[in-house]
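Two complexes come next, and they have one chain in common, chain A, joined by chain B in the first and chain C in the second.
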Partner chain A sequence: MSQVRRRWLLYLLPLPLVPLCLLAGPAAGLSAGKVLAWGLGLLVPHAPDPTLDEPLLRTILWEVRLPRVALTFLVGGALACGGNGLQALFRNPLVCPYILGLSSGAAFGAALAMTTLWLPVQLSAFFFGMVAVGFSYFLARAQHTVSVVSLILSGVVVGGIFTALLTIVQFLTDPFKLQTIVHWTMGNLHNATWEQLRAAAPGILVGVMWLFLWRWRMNVLALGDEETRAVGLNPTRERVLVLIPATLAASAAIAVAGVIGLVGLVVPHMVRMMIGPDNRHTLPASFTFGGAFLLLVDTLSRSLTAFEIPIGVFTTLLGGPFFMYLLKKARVGWEA
Partner chain B sequence: MRQRPAVLLLALLGGLLPPSSAQAQAVRATDFRGREIALAQPAQRIVCLIESALSGLYMLGAQDRVVGVSTSAYEESVLPYYAAMDPRLRDRLLPTPGNWDFVNLESLVSLKPDLVVIWSHQEESIRAIEARGIPVFGVFVGRFADIHQELRALGALTGTGARAEELLRGADQILEGIRRKTSGLPPERRARVYFMWAQGELETSGRPSTVQELIHLAGAENVAAGIDQEHLVVNLENVLLWNPGVIVMWHNPRRDPAQVLALSAWQSVAAVRQRRVYEFPEVFTCDLWTLKYLFAAKLVASWCYPELFDPTGLEKAQRDLLATLYGN
Partner chain C sequence: MGGLSAIQVEGLSFEYDGHRVLQGLVLDLPQECFTVLLGRNGSGKSTLLKILAGQLDYRQGSVAILGQELRALPLHQRARLVGYLPQHHRPVFPFSVLDVVLTGRASHVRLLPSRADEGKAVRALERVGILHLQHRPFTELSGGEQQLVRIARLLAQESQLLLLDEPASHLDFVNQARLLALVRELVAEGLSALAVLHDPNNAFLYGDHFVLLQDGHIAPLEPGQQPWDQEVMEQLYATPVQTLPFAGRALVVPQLHVPIHRAPPDLRP
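Our next item is the complex of A and B:
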C-alpha cells in the first residue's frame, strides 16, 4: 500500500465512530441494538418491531442525535485544527486556540448577551472572541512586525481584561443567569440543532479549509522567522494568514459550544505522535481525530445520565490524564 | 445625697411595677440555621438582602422599618411593583448594601440595623455582620413550607405575628381549595407537566424542588420527578420520551409559547401537538419563594384542568391575591 493511501486511511480512521455514536443515547427503551436493528431494517426487508415507536425514533435520530453528532464533530475538528495551526505559528507545543484571549472574549460576549437579553448569544460570543484576538494582535504589533513573545504576552493581558469584564458581568447578574453563564463556560452541546449547525458550519469550514491550504506555509513558519524570510515569505504576514483562519474556526466553534478545554491542545499532540510533526499531514488528521475525540466524549456526557453533564468537564477529566500519560510515555513536542 | 432615699424608693417601686413596654415586646425566632434570634423589641431598622423576604416584610406591613434592601429590589422585573407600594423605592432612596452574593459591610453597618435578613449560605458575610453585634436572620427556601416558616419568624421578629398568622390562614384556605378540586383525579387523568426555566428549553427541575411541589400542588405530575436534582439540564431525547401533555414556561423574555410550539424537534411532544404550552406572567406575581406561589399553583392547575378551574377568572384571582397579600 502506498504511503499516500496509508496516510489517507489514517485520516479517515476515526470516521466510523460517527454512525456508531448515533446508536448511543440516554433514551431508555431505545437501546443501541434496537436502533441498529431498525437501521439495518431500512436496507433489508424485515418484520417491524411492535415495541418500537418508529416516528419517535426517527425524530430522535434526525432532530436530536444527528445535528448534535455533526456539530460535535465539526467543533472538535475546528478546535484541534485551530490548535494545530497556532502551535505551528507560535512554534510552541503548549499553545491552544485560547492563547490570544479567544475563550475569555467569547465567554464575556456570551455572558453579556445572557444578561442583557437583547444580544444573540452566539453572535456576541463570536464577535467578542474575534475582538479579543484582534486586540491581542494589534497590541503586539510594533514597527510593522509582530514577535511571537509579544503576541503571547498581549494574549495573556487581553485574556485577563476580558476575564475581569466577565467577572463584573457575573457579579452584577442574578443567580439564575449566573448558573447559565457558568454552564456555558464549561461547554455545552445539548442545544445542538440544525440551525446551530448551519450557523457554525460556514465559519468552521472556511477556517479549516484555509488552514488546510496554508499547511505548507505553516511548516515554513514552524522553522522560524529567518528561515521563513530565506524562502521569500514575510513571517508577519504569514502569521496573520494563519491566525485569521485558526481564530475564525475556533471562534465559530466556541460560539455554539461554549468553552471546551484541552481538545485544541491534546489532539494535535496525539496526531504528531502518530504521524510526525509535518503540518501537511497533521492538519487533516487533527480535524478527523479532533472531531472523533470530542464526539466520543460528548456521547459519554449525554448517555451516562438522564441529565446533561457539561462536556468541558469530561474533556478535562478524560483528556487531562490521557495527556499526562502521553507526557510520561513519550516525549511530547515537535520531535515526536 | 439627700435625693438617695427618693431614688431608692423609685427603684423599689419600679421593681414592683409591670415590665416596661420595650421589655414586654422582647421577641425571638429561630432562623434556618437553627439559631435563635432574640431582640429586646421588635426590629425597627431592618436590612433585608433577599428580595423575596422583602416581599414578605411588605406583606406583613413592616415596610416602614426597612432601611436597606438587596440590589435585586431595583431590578426592572420587580421595581414597578415595589415603586407602587413604597415611594422610597420609587425614588431609589433605599440603600443597597448587598445582595444574594456580596455584602458591603461598611454600608450595612452605617445603616445601624437591628436585624439583617440574608441567605443562610452567605456564611462569611453572616460571621462578619454578627461579629459587629448585629442580629442576623438566615433564610433558606427549599420547599413551600419554608416560606410559611420564614413569614411566621419574620412576623415574630417584627411584632407582626398576628398578620403573619392571618396571611398563613388565608394561604391554607387557597391550598385547600385547589386540593379539593384535584384530589379526586384518578392517576390516568393527572396531567404530565414539563417545566421549562427561562435559561433554556432543556433547563428544568427534578424532584427536590419547589417546582415539583408546585406541579404536585396543582394535581399534576412532574415528568422530571425521577431525577434527583433541583435544577438540571435534560437531554432532549428524554423530553421526547416523557412526552408531557402540558409545558409550563417560567416567565421568559427571550421566548414565548409560540416559539416553543414552532421548534421542529419538539413536534412529537403531546403538549406541542395539542398547543398546551403556557408561560407564567411577570416574575413578581408568581414568585415561588413567596406566598405568591399560590397564584402560580392556581395558574398551573387551571392550565392542566381547565374544566375544573375557570381560566377566565385568573386575572381577578391574581388581583385579589395581591390585594390580600400587600393591601390595596
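Our next item is the complex of A and C:
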C-alpha cells in the first residue's frame, strides 16, 4: 500500500510549482514578497499594508497570473499526455503531436476557424489534427507495418503541408487578425484569459481523463498487434480509442496556445526515465510533470529577458537537442 | 469437456491475394495432447495456426475450438479459449517482465488489472520458473528468457489451448529443449498444445501427435506408416533423408550432396 502512496506522492510532486509561479512575473512595484505577504494576510487577520494597492494586486493575480498559470499547466499536461498516448499507440518513442504533424494540422484548423468563422475553433482544430495524424500514419504504412523512422518522415511532410496551408490562411486574413494569428502560431500563453481557459479545459480534461482510463490498455497495445489480438483486444479499435483522446487533448491545447513543440516528446521520456515505461504510472505523471515543465519554461521565458520569448520557440530549442540525443541513442532502432 | 476435440476443422479453405494456401482442410485434434504441425516453408502451417488463433478470418469451412465455432465468438472470449504465441518481435519499450506477463490478463480485465490478476501473473512466472526475473526489463533478457516470459504470459491468460508459432526458433540448442520440455509438462498438467516446428527432430522428441501439411492439405499416412518413416519425411520435405532409430521413434537427417565427413584441415606448418 505504501508503494501506491509513494507513487501518488510522485505524481503530485510538481504541483507546489503552481502557486510559486503565481509569485513570479514582471509588474512594477509588486515583488514576490509582497504577493506572498498579501496571500498570507488573507489567511490570518492583519492590519492592512498601506503601501499595497490591493485592487491592483487582486487584478494582476486573478485576471492575469492565475488564468495564465492554470492554462499553462493544462496545456503542458495535455501535450505531454497526448505525446504519451501517441508514443504508446504507434509503439514509437520518437513521436509527439508536433512530430506527427498533429500540431500543424490543429493550428491550421484553428486558424481557419478563427478567420472564416465556419466552425467552432476547438472542433476545427480537433478535426484537422485527426486528419494530419491519419495522413502521417497512412503515408508511413507499408506492408502492414509502420517503421519508427518512416512515421517521423511522413509526419514532417504532413506537418509541412499544413504549415503551408496555415501560411495561405494568414495571407488571406486581414492585417489586424493576422498579427494575432502569427503570434499565436509561435506558441503563446501571454494573453491567457479565463475565457481561453474555459474554451480549452473541456477538451483537455475529457482527453486526459479518457487516456487515464485507457492507460493499461496502452501497455497491451505496446507489445504488438498480434499479441494484442491474441489476448483478446482488437488492436485497430484500441488504437483509435487512444488516438481520439490524445488528439482531443493536444488539439484543444493547441487551439488556445498555438504550436508549442516537443513538450509531448520530452516530458514522457523524462517520466519514463524516472519511473519506467508502465503507462499506468507514466500517464498521470506525464500530466503533472508536463504541466510543471511548461509552467517552468513559461516562467523562465517571461522572466529571463526584458521582452518575452514566445514559449513555442523556447520549448523547441530545448526539445530539439533532446530529440537528436534520442535519435543517436542506439536504443531507438532504425528498423521496423 | 472430456469428449470434446481440442480443435475440429472441417472443409477449411483459405486464400491470400488469390493464391490458395489451404484447401478443404479436415482436422480433429484431441485434448491434452502436444500436437506438432510439420511441413515445408509455405505449406500453410503458419496460416493454419493464425486462423485457429483468430488472427486471420476464414470464410470457407468451419473451425471449432473445444466445441465452439471460432467465428461466432467475440475476441475476448476467443482469448479465454485459445492462447497464441506469435513469432517473436522485440517490443520498443522496456517493460518489466511482470508487466509483460500481466498483459496476458487482458481478456479478463476491464480497464485495469486487479491484485488477483497480478497474483496470476506472478504464479505464471513461478510455473515457468523465472519469478526471479519479474522486475527485469523484458528487452534486456536473452532470447531464451524472453520466450519463457512469453510462455508465462500465455499461462496468465488461462486459456486451455496453446497455439505456438515456431516457439523454438531463435533459441539455442539447450533452450529449445527446455522450452519444448516445458510445453510437454504443461500438456501433462491438462492443457492442449499445437505448435508449428521447423525441426522434425524436435517434433519427434517432444510431440504426441503430428500433422503433416503439404501444399495446403494434410498429407495422408498409409496404414502402418509412421510420420518419422523415411519415405514419409522424404515426401513431406521433397528431399532425400536418412533416419536413425531413436527412443522408439526416429531422428531425421537431410541427405544433401555435401560430404559431411571431411578430413580436418592439416594445420601443422
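Just so we're on the same page, the second predicted complex is superposed on the first by the 244 of 336 C-alpha atoms of A that agree within 3 Å, B and C clash if a C-alpha of one lies under 4 Å from a C-alpha of the other, contacts with A are read in each partner's own complex, and residues count from 1 in each chain.
Criterion: contacts are C-beta pairs under 8 Å (C-beta built on N, C-alpha and C of every residue); 3 or more make two chains touch, one makes a residue touch a chain.
Small disclaimer: the values here were computed from a predicted structure and weren't measured.
Looking at the shared chain after the overlay, A:Val157 reaches neither chain B nor chain C.
Once the two complexes are overlaid on the shared chain, A:Glu308 sits against chain B while remaining clear of chain C.
Of the two partner chains placed around the shared chain by superposition, chain B is the only one that A:Val64 touches, whereas chain C remains out of contact. Contact with neither chain B nor chain C is seen for A:Val206 once the two complexes are overlaid on the shared chain.
In the superposition on chain A, no contact is made by A:Leu317 with either chain B or chain C. On chain A, the patch touched by chain B and the patch touched by chain C do not overlap at any residue.
Considering their complex, residues 25-30, 55-56, 59-60, 63-65, 117, 171, 174-177, 179-180, 183, 188, 190-191, 193-194, 302, 306-308 of chain A touch chain B. Contact residues on chain A toward chain C in their complex (touch as defined above): 88, 91-93, 148, 213-217, 219-220, 222-224, 226-234, 272, 276-278, 280, 332-333. Here chain B touches chain A in the complex through residues 72, 75, 100-102, 197-203, 206, 226-227, 229, 231-238, 240-241, 253-254, 264-265, 267-268, going by the rule given at the top. Contacts from chain C toward chain A in the complex involve residues 53-55, 75-80, 83-86, 89, 91-96, 99-100, 102-107, 109, 111-113, 153, 157.
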